[in-house]
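Consider the two complexes below, in which subunit A is the common component and subunit B and subunit C are the respective partners.
Entry: the complex of A and B
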């Protein structure tokens, strides 16, 4: 009996210890700058530019991510096809490797290759452009969205879909009228996490879009640029804005109660 | 069993704290572009004096701000003398310890084969030439690049050709090597390695346009171990030190 207690107490203690450290770390971001400083920084032209660009690119990227995550997540959850294991590994890979590597890969692909030249001819130039920011965010957030969508569809009992088909719906109609409404929470969670991931993408954007001041500057770049300018007030303010976005995202995510 | 686990956890936590407490006898702040020679000198110095030397590399603006914020620094080696002069004005470094060590010469780096046929500084404003420079507020090379373009009276035209203002110097190298830009203004010492490997070519900037900087080293006023800091400072500027600088493509000031 006593043994169980020590076990429980020590594990809970470790949990609280880590939580306390995190709370202190997050809290220090809010304690250091003065409110007046933050207010001024938020209305500063650079911050407004960066915030606006972050929101616009983040929204576009999230919509694109979801357009791909829904069909891919459904396919991975429901269908068995040749090469599925390989596909899953490749799609998950960007989660494991650093953003800088992903950025370098994309820079190489969209650079002086036939693929890059073809896209450029179509007006899709990704190197050093705002479109590049969207591309970088898209590839960084996509694997997370697909993972959440796949596990969402995994939890929906296929029997419900079979019943729908036996009552006359085609496969596509079942997807639209039965599976999608049932996956509502998962779609919300996936969208929110994708948006947070897009807003927070740094390394990929830095390499592919260049991270130029007031040109391809999004919030994490503002934070980084201002660290190198030595302007800590601005750096902290962008940190706080990013923190608020992730907090809201995680809060909504926890509410939807889907597993990763 | 559980007690033992607890003991291990506590031991690990204490140890990690202790190791932070004992970290480093000497703390150096250095411009990121100087990493190659400074690393070699750091290792030599640490071996010779049997001490631990830590170096924090960052853009000149960043390390300057770190000193301003009161972070512990014993020796300050930024990428341009302006930062040391400002630090002296604010009383952060000791005046008579300032040694100007080597020259920092900006030049134009172009991809192998020189696709845009850049021959000199004025070619940077030729329509269609894609140019990369450092962010004028972040690395020292960005500030120098803007100064040179302004001095030559072509800054406004040049901004039309500048496709990227890179926050870090290393990005400039990647973009040239991958042919994403036709030319980049960069420190000469940074391209010695890539040039040797045949990744890019180097175009000197004409004397009338060029602004050559010097790299200084100085002991900080708040240095914890002044004696050791002075020794390191002298070593950086010594004959042995200069040989290491030269090996990595820097030109000593004395010549």
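Entry: the complex of A and C
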């Protein structure tokens, strides 16, 4: 009989302990409110507004994020260029950055700087507007999407692309015929993670777009506003909706077997 | 002017460097590149196809300089060791891929024709992942050949195949190539590929082409000790003790050998002897044209398929001899027996001391 391995058992026990703690924490979100409360809260005007705004901004941001993540991820994976290390560091920075600080940076940029003024003149005002929500979500989710896309392209054998070019196809045609179809799992993973990240963005949105009731109110803001009024039912309902979105996203992400 | 000319090519990639590579091939040549891993062989192929831009030097194809041309405009085919088949296409899709860029009609027939020649016509509807290594390699070959490239480059195309599949694929490749008169550059680490397919050979090491020439040249006249070792010759160290009438007498310690190669008297040289150039006899031959007869003792017999290597010892100097199993049977020898090694002085090659 194999001897009991204390090291293995203790590490597994720690893993289970922390998982249990998380399950309890997540579970309490679902245990505390009654189903009837949730149903009522979902149909509440504020919740409907917030849910709709979250979905619309989240979808727009996700599309924008992917439009940038695809080319940037491919460039970072395939090309050697001057300043690549610097570019990677800057692009990754928001991952480690507190959302509030990112929000502050964006607020300053889109505020009274020449960039902000130029964008304003073009009709793109981000400070305390719904467009600000999209901008905040975009910059928060972008680094995750780029990372997933880069590692997706890293896993595609560049020789398949080489062969395609030797057979007469340009770099752009090869990208369309070979790289994009082979990256479809990564694109799916990147899209769901971006969407979950967009929907859940709080700090950045709060600072850049403000947390105005029924104006720039998205789900995390609803949670925050309601908890400050002591309205637990609404707070929990938005929490549950956010949790479900993240759960679905992570579930799909795991299925795609793409590395982060 | 050569059909393909590579002139003073220098390539610098992160960990790989290629230095001063120059050679020329005529149309229909089959060049084999041999060398240890990390010698820069793949980088050379990939720069000829156009994936890497040379730091210095030029590449010419049919009299046109292509060093800065895009890969898609060069019409040079490449086949990799790992096949690099497009996984989301069927075998048909893979083979037809390059053709679709060039032609609108007749694709079906052409795919079927080359698939039949390479015996993969029954696999056209399958996905690459369901095929064996040998089948995948033939699909990769068909895909490269169907567009009639000016030049075909192959990077260790057989190294992932078992010996039987390897022989079979080699034979099919030869059949297909003969009909098309395609110029080929082929990387391999197996000398049997070179014997079976090539007429030109290049030896690479550490990003430098050590020697380029006909098969005969390199096997009979390796330029350096490394090459001689690499192509399987016995190497003896010696000093030239006499040199006249077009002969050199070389003292290799335990005996003297006569060579028709030239070296200065008193100079230290390396002598290369090819295992298949040495004749063995159990009796001292009395009247024979060969100038070198060396008394040795048989140390070991190493079977190798239909042939075997004999390991002979002349005092402390080792010689390797290749004989057929049939000859070995007729000689009826066992380790410990006295054997006379007979070598023509034309087969005693003086090798450079460099590298």
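By our rule, the second predicted complex is superposed on the first by the 256 of 260 C-alpha atoms of A that agree within 3 Å, B and C clash if a C-alpha of one lies under 4 Å from a C-alpha of the other, contacts with A are read in each partner's own complex, and residues count from 1 in each chain.
By our rule, a contact is a pair of C-beta atoms (placed from the backbone, for glycine too) under 8 Å apart; a residue touches a chain by one contact, two chains touch by 3 or more.
Since we're looking at a predicted model, the values are computed, not measured.
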Checklist entry - A:181 contacts which: subunit B (first), subunit C (second), both, neither? => result second
Checklist entry - After superposition on the shared chain, which partner residues are touched by A:67: those of subunit B (first), subunit C (second), both, or neither? => result neither
Checklist entry - Now for A:20: first (subunit B), second (subunit C), both, or neither, which partner does it touch? => result neither
Item to check | Which of subunit B and subunit C A:159 touches, first, second, both or neither | outcome: second
Item to check | When both partners are placed on the shared chain, which of subunit B and subunit C touches more of subunit A | outcome: B
Item to check | subunit B partner contacts - residues on subunit A that touch it in the complex | outcome: 3, 6-7, 10, 14, 104, 107-108, 111-112, 127-128, 206-207, 210-213, 215, 221, 224-225, 227-232
Item to check | Footprint of subunit C on subunit A - complex, ascending | outcome: 157, 159-160, 162-170, 178, 181-182
Checklist outcome for this item: subunit C contacts subunit A in the complex at 46, 49-51, 70-72, 74-78, 80, 82, 84-88, 97-98, 101-102, 140, 143-144, 147, 149
Item to check | Partner subunit A, residues of subunit B touching it in the complex | outcome: 2-3, 5-6, 9, 58-59, 61-62, 64-66, 68-69, 135, 137-139, 163-168, 171, 174-175, 178-180
